[in-house]
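Listed after this line are the structures, all set down as structure tokens.
Note that chain A is present in both complexes that follow, paired respectively with chain B and with chain C.
What follows is the complex of A and B.
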């Protein structure tokens, strides 16, 4: 009797390289190959398909960052380089995602400050980097140019491109061989459209990571979850315009009511659970990179991913 | 192989007697074709017709009911692998475990918690579903005592009885045998005795095997022994095992490739260090009964919220009641922000408004749950709706000014809203995250 389901997949998730080691012309200690999946998440028979990667998010100006993170990370939040180092050595992240929040200040024009900020983080950690730039058309071009140039050779991931905002990021990624995050508002068709737009201006498939936008648990997560499942399904059915790895970043997890209003004794627990439940469910739907801001979420995710990959009878 | 409604109709008596509860044989046939009805409902079917229809028309996953009274829950009768294909119908019952080695106070406390605790979000009361009592002591007397202790507190919480010794189950069923407890678990070794107990009390029964072939064999044996309400424990050694087997079972059951796997799935989430992960994966990957130790405050809210999210019908967005809502205690000069009654829009905006600490009014208009962008495109959000809502909810009496902030995506309507309402319209940001900055910069006291 056959007890193996046949899904009839024909496609494969394309691969994207993140981070360059010395051998590849960079300075990272490790380089990741995202993607490569041939079936639903965690159903792979191949042992070399990696578990999802965990990115720890930091920023260079923490005024708008959650007070919960400031409490958990202490003074590190005022020093991006030290914070990045802690992400690698103390928190155990796979990737550091640096938000250049300084560029989001009103009338920001200090483009010269970007290079030292990115350089500082690059030299403080040997993990691959994701850089999130500005959010203002007037300066985007210069900001992404500076990010891209500073990280030349490191195979970074630049974010975040959207339908109305992708040219500056794409230009920097193309010029310095980085990949980009392409975000669409929880809609498979818009995700595909943006990927096609990027293809038309020369960004190759193997340089795109899809961000279907993650509403955190309780705040639209079900839409994001299904968008991810649909993207993965379409990719496996052979749609190459959607066959890229996905990133889940539920940036609202620590600002929602349940976390904000938890009592002081429960707040850390609430924050960690909210990040954990959102990210683990997203990984089950197909996210290859999950992002957290609370250091306490990382060991929980790490342990869960390991057990999800483990076959029966395998020693832990 | 599934039959079409018309093929099924040919096998029905065509009397339109309504005894099945449907107005005509054709509508009954359509329900059968969709797996939404049971052939047994028709009293006039020949045995031959039943045997033809039976396998192909009963729901691909059996509906199993656990417990009695107001708190009973039903699981199974699912039809899809992905929620976006249709919806997931029956949320998993999450039951808290107690051991018969715990003290009376401990058992009573857990039972009371499941009985009393609710968490309200998006207008729904979310609760845990029942109590699993485990025979950790090995003693039938202790087990019966623990079950009696639970039942004394609240007899209508669906029980799950976990024991390997039929004598322990028999002793416990003296106290809850008429409450439709779920019995865990029949294995290849003990299924005959377990089936006899389940049959005697009319209880659903968990069958347990680490292979799908083993589950198929047990399902055949137990149904042959007269127990049809089965739930399957996949006995996973790792969470990876669980995802792989649970997904395989769902796929094989809904495609009717292996009809004997068409039963709801049971998951023991009491895995040291992996409790939360097991809950998450149980909820998203097809578990129907999840046993967990009592959860802390964070896991409680996160688990119940995840279950609510995943089991929300994707075709029916959750809606807010239209009306005028207050954020903080707004005065006569507070801003009024209009938006749609799509619950996600409401809660997202509300969250950002709360963090700006500017007291204000939210005017929620009825777009039948559509988001701003789609409501504008579909014409559901228009000047007449805004005008009528202002009148209906008495906004003019609440504020002394006549300024309305509308969502950025509704900007094409700004002129028409001004004309229809006589209010001055301010176009707000497209993204709720920017509302704080907008209010601080654009909102001038009238």
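What follows is the complex of A and C.
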């Protein structure tokens, strides 16, 4: 069978560097170039376009973390550094995404604790890092300053900027040369608007990753898919304000009814499957990074991505 | 008095003779930017006399560059000054400062130099700078003066003592240069970008006290190149400095650079939030009322020149709440004066409409209608809590500043409760309303080159693009051309964008090259052409918010209009909701157009189809709503007598009835060129 999809697109997805190796002044084992695509996912002819990267999400205070994940990861959840190490060595993730959930406690003010938390994870793993900071205007400024400074030179990805909350993250990215996740609520125009706002404040395009916001499969994912598809089409048609890599995190898939109410024997499997299919769909929609919380999801995704890439190659 | 102009000339001369005398090599530690100003301007790393001469020549004998080199050598020879003086500030600290600037936790940078005549006035100026979230650098005798007045210094107090003489003020400029290189993407040597960045983005001001040497005056004056205003309260004259009284100097400086302090809390004894907007105050709950036909009342928003009004000032002319009788109706004039660099007279009516929302935000205040028809009530509960008429003014002044930070620099409110004065002011207000009406009424599509888009609805109608012109409101009826213009000015990357209409392709159907180009892009390539005045050919797309739908009825060679409120069947065989479901979602459907109700009154309505004579049917309720204005419009066009020929559901419920009705009354549409 021959199939030569030619859409007549001329645009290219801009590249964002994640992680700095020793040669680039950091301490990471690898550095990724996200983006660079010229067509839809898994249709690329260039062999060097990677399959989507898999980020494993951890946190520094697991109170609100899914009990299913806590069970699967055991005691590790109480030690972010060891957890991060496991993400690299045992789970086989490409990226570690650290949520500083401690900063989301009521009246959090222990800014001094952020540096050791980030440092701990940085030294425990040699994978590139995504850091998710606070979510409270009163402390955002100090928190992101601390995150940015601690990871200086490591080319991290800082999250998550939104239309009403981007200045501190942008400032940290600018001051310490990190990139930033720009999230909009499943809306192509708001995604573009936020990118323009970031540009106005001085963040370059090659430092922005779009988070279109991911609904769970069957719980709104079709909206995410449609928004992502349109973002990607616009980018490939030449809209440079949208020509950035995308990141998807299917965090809601662990709390949906099917997973929550599954019997004890099935629950783990059910969690993995929902996370897997949501992320697979996100990858098909064009995500350059997908994020998981259950370690069991990683090998499934890995195999699926490899198969899809190989089949795409065979078609040509 | 020191004459700035001659001192500067002499100072520049002195600096020029000193540059060749640099012998020692020098460098600051902890910076990747060498001598930052010289490096940013020329890309040359200056470390000795030879490179200093080179850069000095390259920059056209710039006094800032000269000062930077001379001070660097001096620091290398005699070492850094002891604490509290910071001298050259290293890159790590600059990163933090730059962070706070981008982050918005500091609004701008100030340099204060010289010898203040009184400790108190220096302290007052610096306190005001602190209060306005400015990061202030100090150089010279002002530092001991502040310490003497008990002012605490240091980074944590946002007051940084650079050095013992005003000459150390040069470090202020090297900070600006490094912020530009770190945060502004300015590459060393790109003079043009640096100057542009400094002028537009670096919010910096300089305040100069007396006692500067000629060289120091040359240095400070040289900072104007970077777009930094130089202000002085005393001791100098001439040049292009700004002279202002000590208690006004900070405000002048901030205004000069467009630095705005955001108001966050409104100091009134009642809650203020959109949450209270829908709550009405019934007669039993009311303490006093104003207007509503019971007493004379009006509201007016007027533009003033910056400097003419005092921001936040609220004046009540006439009796306050405590001398008003409970349950009474009283006269009221609400006069709001606003000023801002980007404010325009055209915006007055649009801003004036916001008085309605803002007064309703108050937990115990209520407002309906507009202009000289307003009706305002204050609740018993609010008055018991201590709310006075004055507080309505405070609420308005604060809300206008909060909601229009880009537009307004100052808002002053006057509330008049004295009957004679209300009547006099109301007369003047009515004259202004008339003027405004004439201006907007007179505005034609042909008079402007720019239309505005609205893509607010793309959230659910992905490819919909509204094109708003002076004679065609957005199809939802809520956004006029002026609103679009203002929305764009206030939020330049928002949903309302300017459209250069470009060459006219078809004057009759209202098709323009620029509009087509814009619509194609904004519809993500889906819509190629858009005619603004036609229902039949390339009509505008429809989201879902249209107030009414205009659609063709080929059987009778005419166009009918049905509004959202009308629930019944129409002669097209479809109800409004069926029609809406068919044409909405961002599609372009020839023969159907979503419109605002008022568009029916526009000269451009159905222009592409031969004019309003095509209009054959409207629901009775819509006819009633538009009657007076539509009859006037028809008269203007020489179409008197057309109005009763337009059918409604009472005269024609089906297409057959309609045909019979139109034939009976002799409707002109029947004789027009075939629609399809």
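Assume the second predicted complex is superposed on the first by the 306 of 316 C-alpha atoms of A that agree within 3 Å, B and C clash if a C-alpha of one lies under 4 Å from a C-alpha of the other, contacts with A are read in each partner's own complex, and residues count from 1 in each chain.
The definition used in the following text is that contacts are C-beta pairs under 8 Å (C-beta built on N, C-alpha and C of every residue); 3 or more make two chains touch, one makes a residue touch a chain.
These figures come from a predicted structure and were not determined experimentally.
J.: Quick check on the superposed pair: does A:141 touch chain B, chain C, both, or neither? Answer first, second, both or neither.
T.: It touches chain C, and chain B stays clear.
J.: So, A:187: does it touch chain B (first), chain C (second), both, or neither?
T.: A:187: touches chain C, not chain B.
J.: In the superposed arrangement, does chain B or chain C reach more residues of chain A?
T.: Tallying touched residues of chain A, the top partner is B.
J.: Can A:170 be said to touch chain B (first), chain C (second), both, or neither?
T.: In the superposed model, A:170 contacts chain C only, not chain B.
J.: Please work out whether A:200 is in contact with chain B alone, chain C alone, both, or neither, and reply first, second, both or neither.
T.: Only chain C; A:200 stays clear of chain B.
J.: Check the residue A:233 against both partner chains and state whether it touches chain B (first), chain C (second), both, or neither.
T.: So A:233 meets both chain B and chain C here.
J.: State whether A:111 touches chain B only (first), chain C only (second), both chains, or neither.
T.: neither
J.: Using the touch definition from the top, say if A:215 reaches chain B (first), chain C (second), both or neither.
T.: first
J.: State which residues of chain A lie in both footprints, the one left by chain B and the one left by chain C.
T.: Residues 226, 230, 233, which sit in both footprints.
J.: Sort out for me which residues of chain A touch chain B in the complex.
T.: It is residues 1-5, 7, 40, 42-43, 215, 217-223, 225-226, 229-230, 233, 252, 255-258, 260, 262, 266, 269-274, 276-277, 280-281, 284-285, 300, 303-304, 307-314 of chain A that touch chain B.
J.: Mind pulling up the chain B residues that touch chain A in the complex?
T.: 82-84, 121-122, 210-213, 216, 236-241, 243-244, 247-248, 251-252, 255, 257-258, 261, 273-274, 276-277, 280-281, 283-285, 296-299, 301-303, 305-306, 308-310, 312, 314, 344, 347-348, 351, 354-355
J.: In the complex of these two chains, what residues of chain C are touching chain A?
T.: 95-96, 98-105, 182-185, 455, 458-459, 462, 493-495, 524-525
J.: Quick check on the complex: what are the chain A residues that touch chain C?
T.: Those residues of chain A that touch chain C are 141, 144-145, 148-149, 167-168, 170-172, 174-176, 187-190, 193, 196-197, 200-202, 204, 226, 230, 233-234, 237.
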